[in-house]
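Before I ask anything, here is the structure I am working with.
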Amino acid sequence: MSGSLACGLNRLDFSLNEDQIMIRDAAENFLADVSDSAAVRKAMASERGYDESVWQRIASELGWCGIAVPEEHGGLGLGAVEIALVQEQIGRRLLCAPFFSTVCLAANILKEVGSHAAQQQYLSSLAEGGLRATLPLPSDVAGWSAAAANVVATRESGHWRIQGVVDRVPDAANAELLLIFANTSEGLGLFAVPADSNGMQIITAEPWDTTRRFSRVIMDLLLPADTRVDEPIRSAGFARSLALARLYIAAEQLGAAQQCLDLTVAYTATRKQFGRVVGSFQAVKHRCAEMMVKIEALRSAVYGAAAQAASDASTDILATECMMARALAGDALFYCAGEAIQLHGGVGFTWEYDPQLYFKRAQASSHWLGDSDALREQIAETLFSSAVHA
Amino acid sequence: MSGSLACGLNRLDFSLNEDQIMIRDAAENFLADVSDSAAVRKAMASERGYDESVWQRIASELGWCGIAVPEEHGGLGLGAVEIALVQEQIGRRLLCAPFFSTVCLAANILKEVGSHAAQQQYLSSLAEGGLRATLPLPSDVAGWSAAAANVVATRESGHWRIQGVVDRVPDAANAELLLIFANTSEGLGLFAVPADSNGMQIITAEPWDTTRRFSRVIMDLLLPADTRVDEPIRSAGFARSLALARLYIAAEQLGAAQQCLDLTVAYTATRKQFGRVVGSFQAVKHRCAEMMVKIEALRSAVYGAAAQAASDASTDILATECMMARALAGDALFYCAGEAIQLHGGVGFTWEYDPQLYFKRAQASSHWLGDSDALREQIAETLFSSAVHA
Amino acid sequence: MNLQSTAADETFRKEVATWMQKHLVGKYTSLKHRGGPGDEEADPAMRKEWERELAAGRWTCVGWPQEAGGRGLSIEQQVIFHEEYARAGGPGRMGHIGEGLLGPALIKFGSDAQKNEFLPGIVAGTTFWAQGYSEPGAGSDLANVQTKCWQEADGSWRVSGQKIWTSLAHESEWIFVLARCEPGSKGNKGLAFLLMPLNQPGIEIRGIRQLGGGSEFNEVFFDGAVAQANHIVGAPGDGWKVAMGLLEAERGVSTLGQQMHFTHELDLVIAAARATGKDKNPQVRQRIAHAWCGLRVMRYNALRMLSGDSTSLQREAIIGKYYWSNWHRDLGKLAVDVLGPLADVPSDDPAIRPLQQLFFFSRADTIYAGTNEIQLNLIAERGLGMPREPRPAA
Amino acid sequence: MNLQSTAADETFRKEVATWMQKHLVGKYTSLKHRGGPGDEEADPAMRKEWERELAAGRWTCVGWPQEAGGRGLSIEQQVIFHEEYARAGGPGRMGHIGEGLLGPALIKFGSDAQKNEFLPGIVAGTTFWAQGYSEPGAGSDLANVQTKCWQEADGSWRVSGQKIWTSLAHESEWIFVLARCEPGSKGNKGLAFLLMPLNQPGIEIRGIRQLGGGSEFNEVFFDGAVAQANHIVGAPGDGWKVAMGLLEAERGVSTLGQQMHFTHELDLVIAAARATGKDKNPQVRQRIAHAWCGLRVMRYNALRMLSGDSTSLQREAIIGKYYWSNWHRDLGKLAVDVLGPLADVPSDDPAIRPLQQLFFFSRADTIYAGTNEIQLNLIAERGLGMPREPRPAA
């Protein structure tokens, strides 16, 4: 029954604590400064696709890479709420940087499924931002397992033979470490593969949304035993890291949607037609209001799911909550990006104005880890499979 | 490929001829007179559910019952276009009368599948309106066959033994003749059963939409051989009559949607708030405009499908065209009825104002012969099953 | 953010749940999940008894300060009470206008005499109140009050005019009325807030039949009806201030109780889908999942609102009414689509009747208490700071 | 109603189809289904050659009267031509602004000299025209023209100002310009309609890069640019009348050709669904079926429009632009959702590229030639007779 998923959240302390507010405001100010429209367009046009100096400041000055890394590994030991807040600001400014792949994907999954040795080996350098890592981001709602569909890892004289192809690996062209999902005789395994390994081919094509680039990786590798980094007994962490990755995408989409609205309200406040600002027409006002409704609803969903992640909610609950946030976020962002173009009128579909940047991100991100229809189908499955309510 | 269903309609003579205009205008004027809000509410409250004197005038004065009946059976020998035009006006005024069941269902199917003898026996009295007949209107997109799901007809010493239950028979309480679909050893058969037959039980419950009442019929009948009225070699007519029934429902829904818009435009032209008529607010104007767009699109769809019925289009084409019209009509009517309530404000959800009548019809008729989702799924099946386009 | 619950909260939650379990039994069992908007006509007499049962357990006015006769619960505990009350299927509160609207207004603006006279009856569940705001010409344009009042030599007030959409007026003893005390004044100026007994010659109540058939709303006609001199709240001319303060009280903690009821309704829809086989229908599955997502949104939105997260402007509060009312209306449509033909005939089946009620009455949700159109104006103007609708050139 | 086709129509249909089959070959094959809004930059040189190929077959200006050099086809036959042209994948017409917009305007309002000077070049496919209406400050508010013109002593006209959204200006020899000839005049008064060669010192053309990357639209800057004395159409002050007559010509018979192209696009989407396996996805199936229904609606709507069915007010014509542009935009979204990740990277695959173009460029459909907002105003005011937007109080 639907209530069965509505787990009890009793405490009303839904507000941000001082650290969280500090992190959010710092992100907002920093990104307004280093990732305005001009900076984003410059990064988009650059070969590696982001500004290394900005990335260095993020890593060293701001320490964002360590936010959710345990303190014993040199991180801040914070969690999903703080990363979601940063991701919201990153999405708002379409920051071009390996933050998403390194922190939201790689560090996230190592923390959830990594063996002690692997965490020792990688988490601290990830926390410092000294290591740029990534993993595949399939469009299939099945998530990680879909990323392993065409990759097989077999034991070969004390080594791992990893063979196959995986698509849609974000920021792979700049990563030093790739985390590869592969099917082993015992099921899904996670392998930490140096980007410069022999037998590794990384093919990158420039997408419409050049703020985030994806690569196809073709592998025939023979690597040492410790290449496998997941701890089999922690395999439940795969589901949890998948949920968190969806949450972080949703947070980014939330920020992007917010910016679409802000740009539109600002433009319609100055653009005049028929002797009045366009923003004074009721039809325009109502459509901006509809955007705000979707965005605030989404914000509640994202913060709520993040709070669940910070609570003792079960992985099943968290998975559904994050699918919910992700489904709403994909739809809300596309809606807002489309409305931003429409309400900008003629200039809305020019390259010069920013709505197009968000529009392209909206479509590209609409299917990351599953599109909204597929996510809703999963939620429905959960609702119908749970016990009938008396 | 989608074009394969876009059969060639070359002549542009899409306008109504003089007879058609005459029939439409006569219907409009007559119904404005005999089926205004007060008359409809009176009929709704009456025991039989309609005004017999109005029905008599429809049958004798206006001759609507014979519109599509061949001249040799005393009809006008006209067709689907003319009936659709009348149905549009009937829907606009929510006329309470056995016209839909007798003409759009019973006469329609007898014309398409009836044996010569059965047509001889029934069509002329149907054309005169002297005989009120009906047949089941299932909500299953499968149509007639679904109506036969729980009815079996077996031969018994030169008679037919008909046993079973059928639901959702419109106007059955007032009909003299029921056309019953039943499974026979040779497949689907149609049986003309007098309402007063022994072993027949007709149970009528008052629905929310009291302008059209449905009955459940329980049968254990032994009737003469000529009770079966379909000509097996004409069984293709089942599909054609199903398509036409959908067209006539769509036409009725079109008229009802139009009235929702007309009521709303009229009300918002007089209702004042904030010192101006509500209809002068852009948001209200745009929503009325959206209603008009859906209604005119639907009108084109209904007239187009009707024109197909009057052309030499194949039954397959006609079936898809009528599913299209019916799917659009169900959605457009519900949308317009809901908007009519909303834009009437507080009075919109009172019994006293008319939007509620159309709202109830909208929901009730939304699943007649299949709901819009099911109809679209059928259309998709046709699109994907047709040959790939070079 | 912190969604953990404290031990104290959990203990209190159990206390409420246990009390409901012990008392919502016997003759009260038939009231489970009954009442509330769209179902106010369900057994009012028994529900008034239930109000007194609640009062006996000190479960009325749980949010009022103790000196006003309330229980003085914290926000957290009020929410828990409303949640558990709804979870147990507690009936719609006959006393909610007195407890939720008038009481808080009196506590804030009333004289001591008024508090002493009226609060105890509300707390005891013995006096029931109706609301007299809307008028035929003052719906969305709420300040366009035409009902007038004037003071007699003996200081008493006379009221003439018409109010509309007063729910449960026919089940109430008293009504509070917003009337124009300064002839010629316009808009929100020159209004008085008066308390009047409904049972008097100058007042006539007529039910308004709704599309669903029920008549829980009324028109109330005033023809020189009398209010005592000491039954004006605030000074003449302060009426709008009092009325608005009271409308703000309307939103808030009860929201999570409302959502518990919404959850119950969605459960009925899910059960209906299982029963009709529509649980296999991909479009229905999409819509049910989407409805569930909306439930989560409303819950988290309410938690944001109550914890006063975010800056001065409470964005989540501004969208609240628009969101829930449209969500609820969509749920109503989903419910009847899931039922299919079963929805077409009025039913007494507890698996069907509530969904039919939901379908019809939820059409009102987007109209009363600020139509969708008014809500979107507010969101654009207050939420986004967009220009106000220009007044037409005179 | 009658949807049968006559033998004569069928013969003509075959004639067009056969000609296209014979001529859209060889070097022209690469042009199939290319060009048109969103793809105007596809091989303009070759498409100009194609225009001359068409001219050689007397397939340009088929709707113009014969005395104007046209083919003088009946409405029925024009429709058939456009349908068969599109069905064969005939490329977007480089000459459509001259043939569809300026030509008809000259035929209606031009002097004999102007007809003799300009019509032959259009018919022959040798002169290409651009449109100079919209301005940065005159989009939806089309009459708010700021570009000004004045007459020199020698009778010639000078033009200064800026036009925008002029498609293919960089591929055209001439432009027609709406400019203000009466200083201080407002709105649609005091405008002149001028014909100007683009290749002159006073004119600068700058491409506008679109979200999809292309730049088929331009800004055209006028700085004392010259138009000959005899190159004003109608009298000074008649500009608006001429311009509007021309915009009406824009709608009409070509609609069914456009729909044939839409059908081709839907076929690509269906093929893509088969290729990606999305043909099994229930939501995609719903959307594809709905898109197909929209195609039928547009076709029947156009037939209604062309056969002048219904009373004086042509309701179907009023909704036309709003309906097709939103349908097309939805199809664009459907296309990329069907492609999924395949849509994310610019592609040369003929099964993918056109759908990506569709996705991006269809965002412009609901903006140019009257935004959705303007269309809805028109529908409400002209179609439903609702009150005009009140002018704000000064």
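For reference, chains read A, B, C and D in written order, and residue numbers begin at 1 within each chain.
Operating definition for what follows: a residue touches a chain if its C-beta (ideal position, glycine included) is under 8 Å from a C-beta of that chain, and two chains touch if they have at least 3 such contacts.
It should be emphasised that the depicted structure is a prediction, and the values quoted were computed from it without experimental measurement.
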| item | value |
| --- | --- |
| B-D or B-C, whichever has more C-beta pairs in contact | B-D |
| Reference subunit B; chain at largest CA-centroid distance | A |
| Between subunit A and subunit C, centroid-to-centroid distance (C-alpha), Å | 41 |
| Chain centre separation in whole Å, for subunit B relative to subunit A (CA means) | 52 |
| Residues of subunit D whose C-beta touches two or more other chains | 282-283, 286, 373, 376, 389-392 |
| Multi-partner residues of subunit B (each touching 2 or more other chains) | 276, 280-284, 286, 373 |
| Subunit A-touching residues of subunit C, taken from the complex the two chains share | 1-6, 9-10, 13, 75-76, 79-80, 87, 263-264, 266-267, 270-271, 273-274, 279, 282, 285-286, 288-290, 292-297, 299-301, 303-304, 306-310, 315-316, 318-319, 322-323, 373, 375-377, 379-381, 383-387, 389-390 |
| Residues on subunit A engaged by subunit D in the complex (per definition of touch) | 139, 167-168, 205-209, 214, 272-276, 280-281, 283-284, 334, 338, 341-342, 345-346, 348-352, 355-356, 359-360, 363-364, 366-367, 371, 373 |
| Contact footprint of subunit C on subunit D as seen in their complex | 282-283, 286, 390-394 |
| Contacting residues of subunit D [partner subunit A, same complex] | 134, 137, 139-141, 144, 164-165, 208-211, 213, 281, 283, 333, 336-337, 340-341, 343-346, 356, 359-361, 363-364, 366-368, 371-373, 376, 389, 391-392 |
| Sites on subunit A touched by subunit C in the complex | 1-3, 5-6, 8-17, 20, 81, 261, 265, 268-269, 276-277, 279-280, 282, 284-286, 288-290, 292-293, 296-301, 303-304, 306-308, 310-313, 321, 324, 327-328, 373, 376-377, 379-381, 383-384, 388-389 |
